[in-house]
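Going by the order they are written in, the chains are A, B, C and D; count residues from 1 in each one.
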Amino acid sequence: MPGIKITTAGESHGQALVGIIEGLPSNMPLSAGDIDAELSRRQMGYGRGGRMKIESDKAEILTGIRWGKTLGSPIAIKITNKDWANWSKGMSISTEDEGSIEAVTRPRPGHADLAGAAKYGFKDIRNVLERSSARETTARVAIGAVCKRFLCEFDIFIGSFVTSIGDIQASTLPHSLGSAELLDLFKEAEKSPVRTPETEASERMALSIDKAKETGDTLGGTFVVFAVNVPVGLGSHIQWDRKLDGRLAQAVMSIQAVKGVETGMGFNAAALNGSQAMDEIFYNKPETGQFGFYRKTNNAGGIEGGMVRVCCKENHFGHRPVEPWPRLVYHL
Amino acid sequence: MPGIKITTAGESHGQALVGIIEGLPSNMPLSAGDIDAELSRRQMGYGRGGRMKIESDKAEILTGIRWGKTLGSPIAIKITNKDWANWSKGMSISTEDEGSIEAVTRPRPGHADLAGAAKYGFKDIRNVLERSSARETTARVAIGAVCKRFLCEFDIFIGSFVTSIGDIQASTLPHSLGSAELLDLFKEAEKSPVRTPETEASERMALSIDKAKETGDTLGGTFVVFAVNVPVGLGSHIQWDRKLDGRLAQAVMSIQAVKGVETGMGFNAAALNGSQAMDEIFYNKPETGQFGFYRKTNNAGGIEGGMVRVCCKENHFGHRPVEPWPRLVYHL
Amino acid sequence: MPGIKITTAGESHGQALVGIIEGLPSNMPLSAGDIDAELSRRQMGYGRGGRMKIESDKAEILTGIRWGKTLGSPIAIKITNKDWANWSKGMSISTEDEGSIEAVTRPRPGHADLAGAAKYGFKDIRNVLERSSARETTARVAIGAVCKRFLCEFDIFIGSFVTSIGDIQASTLPHSLGSAELLDLFKEAEKSPVRTPETEASERMALSIDKAKETGDTLGGTFVVFAVNVPVGLGSHIQWDRKLDGRLAQAVMSIQAVKGVETGMGFNAAALNGSQAMDEIFYNKPETGQFGFYRKTNNAGGIEGGMVRVCCKENHFGHRPVEPWPRLVYHL
Amino acid sequence: MPGIKITTAGESHGQALVGIIEGLPSNMPLSAGDIDAELSRRQMGYGRGGRMKIESDKAEILTGIRWGKTLGSPIAIKITNKDWANWSKGMSISTEDEGSIEAVTRPRPGHADLAGAAKYGFKDIRNVLERSSARETTARVAIGAVCKRFLCEFDIFIGSFVTSIGDIQASTLPHSLGSAELLDLFKEAEKSPVRTPETEASERMALSIDKAKETGDTLGGTFVVFAVNVPVGLGSHIQWDRKLDGRLAQAVMSIQAVKGVETGMGFNAAALNGSQAMDEIFYNKPETGQFGFYRKTNNAGGIEGGMVRVCCKENHFGHRPVEPWPRLVYHL
């Protein structure tokens, strides 16, 4: 029963997107600005359609916050669709507006269209695509911004950057990097229109996108998400559904268009010997002043046995111990 | 509240592994033999240690079955550890046996050992490794066998085969295949000591394993899991945690040693244009006698928008409609 | 995973109350009017404070409905607090408005005030009482109205009436009544300002309330909730948390100010012999034309073994069989 | 995801009852004796049938404990049915034994028999009654014993006693008592064959049972469950399903034969004025040496707003603060 619960609602061209997060502690500072900053990052992206510009999403916090701080009660966030005026009949809740726009009858491959219409019994595919749209992630980003603010309390930071678009690959091998290097890459990526940390690759990726657009095509790609300063032991080995890597894999795979998830070296480890893929454990004796266990590699992506391990190559055991956790969960 | 719930328990060298599955319908035929067949498949595997031979696991169904049929009540399965006699003191529940075997103090990379000992506060790493061991999958396989029996009622079949071990790759591209071809590959793989469908690759993989063993090393690998005859619409696009691909990704990633999950073409799609990766939708008019929508490719792995779509390239829309589902869930 | 999920958010004097319901089937008719009718019933009540009149709640359906029908996606409902204008600073989300109204420092007995302030670490008790207020039930009533509309599809009707206020008791013994009688009592109660079905008792209850108000006091009371036409077998005996009576008890006890829950004869059965409390099972042979099992009493409140049984005294087995259920749950 | 999960399995005359509890901390002492003591208390009871004597239940801890301490992994407990030898064919899992005992075809009122057979599609009512039997509580008691051991770590104690059997009532009004008095009543009740704390009432209840048995009848009754030393703030007001009173009501109502649940004064409060039913809050200034808030009554049963409040009449605010909780939940 305890724990954080998240739910979202909303159609792509409906009145609004809504998210509710329940179970956060009280007295945590939170402002609409914290959320808008992430909504704004979501709306960037090279070569994206006109829709992204229309949007300019703003979070309206309806509940759960008073005078800049959480009440411990559920936080409901509403993001009004900016072009709602153009859709107020086509997506109206009223039977009176039925038929005011034409039905979508041509299913698109790669989308929920065909399976959704069959399952839910619709002749108008719009009744599926409005919810299956990647626009839905707006509410997830808003709630995610609240979660990022929460993780801040523990100095945990979640970052990301793009590693390939089409056949252009950045040279980075993120699983070999330490926290400081990852944070640098994130900062570099924030400046790139394609969110990749390397200038030359960034330019070539942008060109690739231009070329694909000319022919009315799109491009695939890959990205990295990382977390720094996560306490050792988050997750658990005791039951399949408490394993952190499994839970992260679900979260990532549930994003529209994602078709694969790896931790650390991922599929590249498949062709290696165990001795090459594993991250050997080293130990400094107390008298060295560099106390504890550490690793020189991070092929495992910082997770072993479904738990956060001593994460990054330079971190020592004890650097981020389990003690902070109780603070997170005292609202039993 | 309704729905199927699964829980497992048990240590690698403890008295027994236990699994409970709750929420299956009544009057479904089930025998211990159905489970033992899968436990036996689990114990095969080229180059595995002596432990696998000792095991020879047998399922003891303790509850939920009477006279060969399900009662609708929870089914509890116990698999006694065959070498329990050798561990009855070392893994005893009694304080009297404390210290009867030496503590494990050397953490292994790639395992829960270090993070688990830190999180759960143990000096003896055995207190972690006994549960984090892949031996735990025995209970998952037993419960999975019950689920496979259940899916049988709907003519759904789950199969799998190995596609690479170390740097030896089978030539198969499973996401381009239809149901019949997948089933053939599964049958071939069942004959191979390394569970791969191609004879030559199978031999080379076995040699690779031998060579790695000689140097005390292990090898990575990849495998495919497929399901045939799954009804269109299983899963849902309406909320992130109902998406079938996300749920499958969690289940697969939670298996010990798995570091990556893909659906269909997976990461290979990242380097392609959208037009190359998508599975175009075709349509036969009713008068052709070949009614309905169909695909010629299956790059998406049979899932679009978080739902099962018209799965395999030869399947037509309507071949496996939503009607069977109510039978599954009438125990609201 | 499948199944219906409900979450609510909102403070008593905040901007709005919000509810989200997820997991309903598609193509079910639903209008804001369906919800407003129940919100309006919630606002009646003899002797209630001025707040109830200010409210005049209206549901704004933000998501999940198009052209009068459900999309199968989550339905988010917002009910704006009508007096928000007066509270927009006192309950503002902005730090700028901090201190704009005085803190509540005097905890009220019978409320969350004292325990909530201690647990969540507040000096201003308003930070607790705004969420713990019975105003929160507005969102539950709105979501409940959607559920009632859903149950309509199965001809299930949920009704209620007041059986006592203070020491004035209506003479009704609801557990001895059949569906038709219960529906009549409900209709009578709808006309009474105190929602009790008996005219004389209604008048005496109103007088009691007047008298208590004069002395600044309040009165306790009891009420009955019933459901007619519920299919046999809803709920289950197979696990403690699937038992319908347990789940109903939780739902009722979670309403503000409720301190007890009974099914059927409830605590009155405690002083009786088993032979007096049980509802004997009778059986008509097929040739009578009155086929099946039936009861002459309903002391058990229509639930046996955690499931709906042949409910009302006049109902025969088979009158409401299990067949309708699959329709409810085909969105696996 | 985090939190404690409980599941049980087992038929009344099957091979065994099984319970699994997951999510307890590591390094907590636990022995089979801790569980057997509660199983033994469950088997007492005046006037109970021969079955209770046969049983003499013993817990077999299969997993989750090593050398007398919890591993943090799931704890599976098996209680073998002592008369299994007599039922090994009648309740066999094998189809070979089908028909070895006669079907039960006469449904009993007050039991799951009729609704269960209809819902689950059985001709032999035994297929329902074996699971719906109160024998199922054996596994709940075993798991409950583990929970009681856990609560011990926080000096929390759960006790109970009988307050009426048939028309014989003990004179106790438990909601007016403090912790010390409740513990005394519990101790007295442990000595009584009918588990009531008053000697004279105990004797009269026993006689009542004898008389009912003579006529082949049974008697109803009421009992009190209390907890002492529970920390202020357990539960929450923020969502209906986190309210502690609602969750307790579900747990109690899910016990076989229970038809009503109250907290504190319960239904007796319905006939009172608010001023009579509420527990006025008093306050001692720090300089008195009797610091803090307190109550002189406990009509609310120690729960306000869905949370544990300053519980008992003599307790002062701060006596049992929220600080202990983090220790419970550090296995996030």
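One rule holds for everything that comes next: a contact is a pair of C-beta atoms (placed from the backbone, for glycine too) under 8 Å apart; a residue touches a chain by one contact, two chains touch by 3 or more.
None of these values were measured; they are calculated from a predicted model.
Touching subunit C and subunit D together: A, B. On a Cα centroid basis, the chain most remote from subunit B in this structure is C. The geometric centre of subunit B is 38 Å away from that of subunit D, both derived from CA atoms. Centre-to-centre separation of subunit B and subunit C, using mean CA positions: 43 Å.
Chain centres here are Cα averages; for subunit A and subunit B they lie 27 Å apart. Those residues of subunit B in touch with two or more other chains are numbered 7-8, 22, 72-74, 119-120, 131, 236, 238-239, 241, 247, 322, 331.
Within the complex formed with subunit C, the residues of subunit B that make contact are 1-3, 22, 72-74, 234, 236, 238-239, 241-242, 247, 322, 325-332.
Within the complex formed with subunit A, the subunit B residues making contact are 7-8, 107-116, 118-120, 128, 131-132, 140, 164, 166-167, 212, 217-222, 232-233, 236-241, 243, 245-254, 256, 259-267, 269-275, 277-281, 293, 295, 300-301, 304-310, 317, 321-322. Only residues 5, 7-11, 14-18, 20, 22, 25-27, 29, 31-32, 61-69, 71-76, 78, 91-95, 97-99, 119-122, 126-127, 130-131, 331 of subunit A touch subunit C when the two sit together in their complex.
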